[in-house]
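In the two assemblies presented below, chain A is common to both, partnered first by chain B and then by chain C.
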Partner chain A sequence: MTRTWTTRAAMAVCVLTAGSLAAACGAGGRPDKDEKGGSASDVGITEDTVTVGAHHPLTGVAAPGYSEIPDGARAYFDFVNANGGVDGRKIEYLVRDDGYNPTNTSQVTNELVLKEEIFAMVGGLGTPTHSAVVDFLNKEGVPDLFVSSGSLQWGDDPGAKPFTFGWQPDYEIEGKIAGQWIAENMPDAKVGLFLQDDDLGVDSEKGVRRFLDDQIVAVEKYTSGNTDVAPQIAALQAAGADVVMGFNTPSYTALSQLVALKLNYEPKWFYSSIGSDPALVGSLLARFSEGAVKDSASLLDGVMSTEYIPGVDVPDNPWVQLWQRVWDEHGKEGELTNYRIYGMSHAYAFVQTLQAAGPDPTREGIVDALEQIGSDLEGPPLAPFRYTEDSHLGISGLQLVELKGGVGEELTPVLVTDLGDAPIEEDDSATEDAPPEDGIPDVKPVG
Partner chain B sequence: MARSVLLRHLGLAVLGLVVVVLVLESTSAFRNAQFATMAYLGIAAGGLTVLTGLNGQLSLGHGALMAIGAYTTALLLQDQQLPLVAVLLVASAVTTLIGAVIGVAAARLHGPYIAGATLALAVAVPGVALYFNDQLGGEQGLNVFVPDVPGWFADAVYFLSAQDVSGSKYVAYVGWLSLIVTFVLLANLSRSRVGRTWRAVRDDEVAAEIAGIPLGRARVLAFVVSAACAGLGGAVMALTVRITAPSGFTLTLSLSLLTAVVLGGLGSLTGALLGAALLTFLPQLVTSLGLDVGLSDLQSAQLAPLVYGLTLALVILLAPAGIVGSVRARWRRQQERATHDYDLPTTTAPPSPARTPGDEPGGDK
Partner chain C sequence: MQQLLNTLLTGLTLGMVYAAFALALVLIWRSTRIINFAQAPMAMITTYVALTVIDADYSYWVGFTAALLSGLVLGAAIERLVIRPVEGKPHINAVILTLGLFIVIHAVAALLFGSRYRSFPAPFGVRGFQVGEVNVALTGFGIFTIGSVVVVMLLLVALFRGTDLGLMMRAAAFNQEVARLLGVRVGRMFTLGWALAALVGSLSGLLIAGGSLVHPSYMDSAVVFGFVAAVLGGLDSPVGAVVGGLVLGVSLSFVSGYVGSELVALAALGILMVVLLLRPGGLFSHATPRRV
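Let's turn to the complex of A and B:
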């Protein structure tokens, strides 16, 4: 029995090997010249479509809030498509769920790039998740626009990552601007830092220390996923910090507030923009406290934060009115939220960039276009982008606000700066940008 | 007999190699990347199925062992000194070493207690990466520098198929070559004396001990072999995913491996491979199917775990021995019935010895 089996297997191997060798006869050696196939620069573009993709956490721990970003972007792309698209092309927007797990990000990005053959990645979300694919995207030459994360690594070295562009103000300049304000306005405050233990914490601490190095009395870090932050908050309280600056995600804003309530700890709070969305933090507070905290909007009263795009708290802003119109016409169920606006804002910037790349956009072309006109683009951000050949960092500034009843009241005008010791300056040049009448940008092709 | 088993396994390996070349050369770059994923899940599941199916130890910590292999690989590839083969070997050696330590502890435990101890491992290891933030990259993990495709390898593949080797295809080849080597070794091991002692320990400890088998040594050895596989799987995973971060090695990974083994059939290497295939292809197929019939992104994303869960529930209900185990049991029954009918006129066939489904590793029938 065994022997006949072995014989049969051996036969099969011989036949298959011979077959595959025969099939390969055409190759043998390499042709002398390394021909380049059809230029890969127009992948994902047809006569009437442009396919772009993104990875977002639609399920899992990071899904609340963040999963609304692609909804917003899709609504805006649908709005543009309903009005004729860009240069006659409709934008097809593919979103894949990575559950905020880098292993999945790598898989879904393979799918988007190799199977769906997207032209560009637009707004891929998360620092650890996007790190898993940024080298791959640059190696494949896929434009990797407007990464939804404030890490420096998306833009501080365009030589190493020529196809990647950041989007929101990076964590370092956010730390600098907030640090300077506190140093000037609360010179006697004892400052405690509450940091997420990754680029978010590292970059923002670098910025804050530039102004508050002497005033910092405690630095506490938490690991995303570990929901017990009582030791950290208690340590801040024990160190006597009367100003606590949190650079953390929304869940940890809610958790730190709950712990502080329990400990009867009432410092002046600052939360970075990514962690301070009042609506989301409010709903998280209600959930984490199992209904004990009800009037959550007022719980965040007096909390300082930053803003870099107009949000739902200013319904009269012309941009927010445009987003409301887009959401009413093309959105899904649910209200317009700050996360949906975030998605629409980077979708708007993508449409601008695509227009700038001209009627026959290529992958290199869109990168060149963004480097050339990126800093002149007029859009919803309160401060201009920093895109040049030497920097792919995103929005250059923000303003400090104090929350009151879920609305941010301005503490400062828009302040812009850059990495390192670049000065912090007032710049309201971008705040007056108004959306075009029809809601669709009209950027002239470069070159 | 022993020689023919070895020959048969080697024959199968060559056959597998030919199939791998044919499949990888005829599929798209995206499918190649998926096959690489299937390879690393398959290697780790192969090791787990030997441990759980043959030796009866339930490990919930194989994801953590994969993490050790993956982090070792990421660290070794940072200065790009060693050749890739050496990196893979060192990664599995390091995991083997740690597996031995855990194995010694696990050998003293039984059933749910081993599961508990290894569960602790699965929870703790990602924390180690966070604690040694500076060396292991903390929450963001380490980027993995996948070495360039060696010239001779590219030329060899080009000779066969007239296609250039992309990065993802190279990793798929590395993964499948590792898988074939691992499976040949595992299949041989489980058909050898060692495999028989493992089975004896699993089936009846007292009887095994009376027969002179040192229980502890057999258990530790099984755990070590299994850990080596997990380490190699983790190494291939690092190459495939291009990053090693704690969020990639949560408890979910360990549990997914276990479901793969259960789906395929405990103790069967073919089953492990089948489970790895389901784990790799099913979610993506279901998601694209959902998108095709017009579900939203979120609904399609939620559909994938639902369908996987249902599949798992159905397999457990309808084929409790796993897919391969049940198919094999049915096939065997038919064979026996045929022999029985044939024999009936002349002699009464002796009752066939009861055999546990999934007794035969290697999928070599």
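Let's turn to the complex of A and C:
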């Protein structure tokens, strides 16, 4: 009798496991495609839809913050769709979770390109993750627009990756601009670098060393996924670094701050824009303030960082007002955050690009269009894009800020530069760009 | 000097956490002769139980107790419902089942608690002590970690060496048929072994989480390093597990601080290989290795 019961229980477990596996594998079906009519101009385009895809870490070590990016992009696409779409087509936005794991990225990208037949990849996130699929996308001829990562490889060699375009200021120019400011304003500082052990660390170190080579006393690297960074921070402390520049993801900003508490280490901190969101890091750290700080955002007071698009700390900015309107009308639950704004900003750029590609967009056509008009696009970024035939790198500059109560106080005007020894110059040409009345760009088709 | 001290002390605290996890593995091994790969997600689930209780405005210690109790119940339930049906079959069946549980519990936790990072409070300060000019990278919570693992180890040694219950558990694990003939309620011993192991596992989960960030896979590195620590110690000995954990934690901390963090996993493997080559049964094994 017992045996029958246990056998049945074992069967039930097997069936349940198999069932959940099948459910997990079978997610997403083939969309009903309407191939009729002359306006199905390329893969992923029908008479009334444009299907685009993206891979994002919705779970795992990089998910805090970054998982909000696709919510923002989706809200903006919904906003555009509700107002008639682009050339009569609605944008269908498919997001797949890769958990910031390159193996998963390959798998979900295959699914997006071969099964869902997307027209373009928009805003695929992460250096290690996107590296795994960038060659595949270029081989298949899938436009790979606005990669959510500051690695140089998305744009410094368009000949090798003709379909890929970067988005945010690359880590090298961010390192250059921050490095120059520290060299000029803190000439006696001993600088320690806290770097993620991939392109993020390599590219930013290259930029920083251009100005701070003599001042750097220690370089410590952490491996993403290993959450014990105490040995690295202890080494920076031992080297006597009194300025620490972190080029890392937001979780590691929180972890490094926690370890610094443990070590009673109080240098001047700089965190790159990708790791410094005060709201997110503050919410992670709030429990540990031991009641000393009420407002979690002020936990990062005095920390230096950079900004290249207006964020939630300037609610009066016309772009932020537009994003707030979009989020109120089409967003999910929760507040508007900087990550959601980031998603909306690249969604805005995609709509501009799609308009520029004309009423019958093709994959080749959208790439040509972006090369031609990319550097003239007016949008939320504080500095212009660098898109031309010779460079697919994204936003050309940023400004240095110091966080106070969750708000970035400007240390510099917007500074623009490019790779290598290109000079760093002030440029306010894009800071005055204002959004159109109806919140939807109106870019004329190219050619 | 200061860096040496800090690296040593952070390694020591970390090692104690691995030791706690290794103790849970040793417990299951001693009482059922299988390796429980689902130990990490089980501990993760109970840590989330604690977090839910604490978020509902109860004190840390209420959450702490709730996690330990739910660990006890979860361990017993899994033994009765999942492992019992394959009892008497080759051990590998049960081991594979625990691997399956690993995946299932992960998925369930992501559904129930979400997969974002959340901070987990610590009952004592997370700021290091300062003695004169020297900073001691040991927090109040670190001392609590070390103390509680030592206490658990002593309790386990006392249980297995000094009580009839411990003897029965070992007998049941070692030879079911003979134990049954001698009047040991083998099934109950297995359930008890799982329940106690899950309780110790929950403790290790709480110790890793305290003063840091949790998410559904925050225990995954502990499963690897805890397993290495347990094997270093011989899989059979609570003292061995703690020594193994300490050796591993301190060595890895030095590798990470002085060589490079990318070599941490490789170093763990290296240590494991060297120990197994020199002493195949682990540092503290008493019996000859059994073939499973």
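Following the convention adopted for this analysis, the second predicted complex is superposed on the first by the 395 of 447 C-alpha atoms of A that agree within 3 Å, B and C clash if a C-alpha of one lies under 4 Å from a C-alpha of the other, contacts with A are read in each partner's own complex, and residues count from 1 in each chain.
Note that in this section a residue touches a chain if its C-beta (ideal position, glycine included) is under 8 Å from a C-beta of that chain, and two chains touch if they have at least 3 such contacts.
Since this is a predicted model, take the numbers as computed values, not measurements.
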item	value
Contacts of A:Asp199 with chain B and chain C, given as first, second, both or neither	first
First (chain B), second (chain C), both or neither touched by A:Phe136	first
Chain B versus chain C as contact partner of A:Pro128, first or second or both or neither	first
Contacts of A:Ala286 with chain B and chain C, given as first, second, both or neither	second
Chain B versus chain C as contact partner of A:Glu111, first or second or both or neither	first
Touching partner for A:Pro231 - first (chain B), second (chain C), both, neither	second
First (chain B), second (chain C), both or neither touched by A:Pro162	neither
A:Gly406 touches, of chain B and chain C: first, second, both or neither?	neither
Partner chain(s) touched by A:Lys332 [first = chain B, second = chain C, both, neither]	first
Common ground on chain A, meaning residues reached by chain C in one complex and by chain B in the other	6, 9-10, 13, 17, 20, 24, 58-59, 67, 197, 223, 225
Parts of chain C lying in touch with chain A, wherever the complex brings them together	2-3, 6-7, 10-11, 14, 81-82, 84-86, 100, 104, 107, 110, 115-122, 125-128, 130, 135, 137, 139, 211-213, 215-218, 221, 253-254, 256-258, 260-262, 264
Contact set on chain A toward chain C in their complex	6-7, 9-10, 13, 17, 20, 24, 58-61, 63-64, 67, 197, 221-223, 225-232, 234-235, 237-238, 251, 254-255, 258, 261-265, 283-288, 290
Chain B contact footprint on chain A (complex, rising order)	2-3, 5-6, 9-10, 12-13, 16-17, 20-21, 24, 26-30, 58-59, 67, 70, 95-97, 100-103, 106-107, 110-111, 114-115, 127-128, 131-133, 135-136, 139, 196-199, 223-225, 332
Complex interface listing, chain B residues touching chain A	1, 4-5, 7-8, 11-12, 14-15, 18-19, 21-22, 28-30, 33-34, 37, 127, 130, 133, 138-141, 143, 155, 158-162, 167-168, 237, 240-243, 245, 247-248, 250, 253, 284, 287, 296-298, 301-302, 305
